[in-house]
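In what follows, a single structure is set out as structure tokens and then discussed.
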């Protein structure tokens, strides 16, 4: 347990000493700050623009971090061979992966809190209560933890570029998973229908973690739905991380 | 006493590029390392030393054979608790300072905060990095990186220290310090297992060696057993003419003098007398003993001959 | 020439070349042909898929673009795709985005003279957002503006029935009925307002006055119609109003809101009222 915490803190420290992270964070905060001015372009409700841009900033910049920090997490260690001394330690391989993931989650959480907090402040400054946005922000973090799990998984067995491509592909597929339902109605054979069902069930249904539209329009998200969505994302992420541990356990470092 | 490291019939081959062909990296290797000794795994580059070390640490799975550390398989966490490892050409986290780096590894070893502080200080002192512990690693020179790597390998007081080419890239002062450190560790009762292709250094510290060439074990045993203790030959540098009939080899030196290689001390006195009588000058006399390098080259020559024959 | 000078010269040439080429491109820009731009705006469903979870933001961006597009009055063919943009693309991305529905409707009715198109957009907005009273409200206004008072009244009525809608909407219903000539219905509505306990003193005062005014107008209307009928039947107007009752044209003679009878001038056939506090009757 202590080993996982040590690796996690080290990963966090590595990320926050990376200038790229600050660049991403700075741009995200600039977008949130500037949303007030962008909102002047609209005819009608300005606060809606601030909310939409703000939530998109939390989501998109969080995604950038989850992919670009995540995919280099393990592959950089292997490339630089720091992994050799680490694995010579009395630490099980799965603890190493779990620690990396935990560190990445800490980075993502910090980012979501900072940028999300800025969004809430921006909305509050315009005179509206930002509380309805909080569930959406929490679910964005859950979504990011699923994406981060995939980037760690891919990073554990391939190079950063392929890992990034794979993670982005999963993200896109995850947001289009509702289309498998539509596709299912159109395909001819039963085998194809089963394939659609399987894909729909296996791929992460990231659209279920997206309540931004409701939050922006002030529609309350029922507690049961929120809990189920959060649980879905959490369990899915855990499953993928376990898979990453298994892959890493079997890896050779020639 | 049970051996600290036991390797039996170890074998590993790697598939070639795109799955075509395969390269046999380690072929039927067997050796054992006793507690308290300094054991050198020697051989040229590509001999299979690093692959053997990786199998020792569980980084690579052998195709056949067994390897145990303290009687346990390499992936066993308890076994790894008792060892320290320094890889070849190490690279550590740029963004950490030396202290942070050692603290991380201390934590991974399960040392608590108080223990870590003390051990880190001692390790830093031991490897000669005092005063640089707060500097970020990215500012370290290669020699300093090697030292902090050594610090990481010894700070938790392991029974077994495994070093992969610990002297590579170091200047002579650095190499001397590493040699001294190895000897100090042995004096503390630790076992040291290291690989190297720099034979002079190995000669100076090892108790036993294993010589690897193209994955096969060519020679193994105590240094004294492998090399004969008496002077094997004497080299005499002669200016001017060298009379025939003295025996031994002659070689031309670039400056025009002749290098005469005599088969032993016994042949020295008559040779000197003959040369002086012929009017030549003795410029130098060196009694030479076979070095590890000589043994090494001899073994490699033999291996190449065997290959050609088979 | 020195290395620095050479580099500087090369840089200056490149910058100059860029500037000239750009100026040429700008000069070659064809005057906006309007519909060509919109050919590139895909179906809302595809945009939704492409937005990958940022649908509300995508809706905002399309809306911004549409605002810029419709600010350019020089465009030909401005109104061909208005309903597509505001009634299909944006609602597909974010059906609860209120502003585009009414802005699109405004563009269509005010600029394009297309009432039905505007009403379609507002109806769609109401359908997707049944609790927003602003949609039927705006639709009522458009109908009022187009002098279609019955439809206006129906819209305002719909708006008034939405929970949390302002109470004043009922007054608009009444007003539209009156303008449409349905005086009796208007009076009934005003009486609703008058008796509504949630109303404040001001609205009660307005309602009371309207009831009086409209009652007088309605009564006068009925009486004058009755006089005409009498004249057609008998060939001459009645000498007194109660002859209308005797002739069976009216069941009874109404009294004005003060309880006084209406006055009748047999020579002109005009019916008038003395009722006090009646303005502009």
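First chain written, first letter: the chains are A, B and C, and each begins at residue 1.
Note that in this section a contact is a pair of C-beta atoms (placed from the backbone, for glycine too) under 8 Å apart; a residue touches a chain by one contact, two chains touch by 3 or more.
The structure presented is a predicted model; accordingly, all values stated were derived computationally and were not measured.
Arrangement of the chains shown, judged by which pairs touch: a linear chain-to-chain path with two open ends. Of all chains present, the one whose mean CA position sits nearest the global mean of protein CA atoms is A. Looking at contact counts per chain pair, the maximum sits at A-B.
Centre-to-centre separation between chain A and chain C, using Cα means, comes to 46 Å.
Distance between chain B and chain C, defined via averaged C-alpha coordinates, is recorded as 92 Å. Between the Cα centres of chain A and chain B there is a gap of 48 Å. In chain C, no position touches at least two other chains. Chain A makes touch with chain C in their complex at residues 41-45, 48-49, 52-53, 55-56, 59-60, 171-172, 175-176, 179, 206-207, 210, 212-213, 216-217, 219. Those residues of chain B that touch chain A in the complex are listed here as 14, 51, 54, 57-61, 77-78, 80-81, 83-87, 89-93, 95-96, 100, 104-105, 107-110, 149, 152, 162. Those residues of chain A whose C-beta lies close enough to touch chain B in the complex are 2-3, 5-7, 10, 13-14, 17-18, 80-82, 84-92, 252-254. Contact residues on chain C toward chain A in their complex (touch as defined above): 49, 52-57, 59-60, 63-64, 67, 94, 96-100, 102-103.
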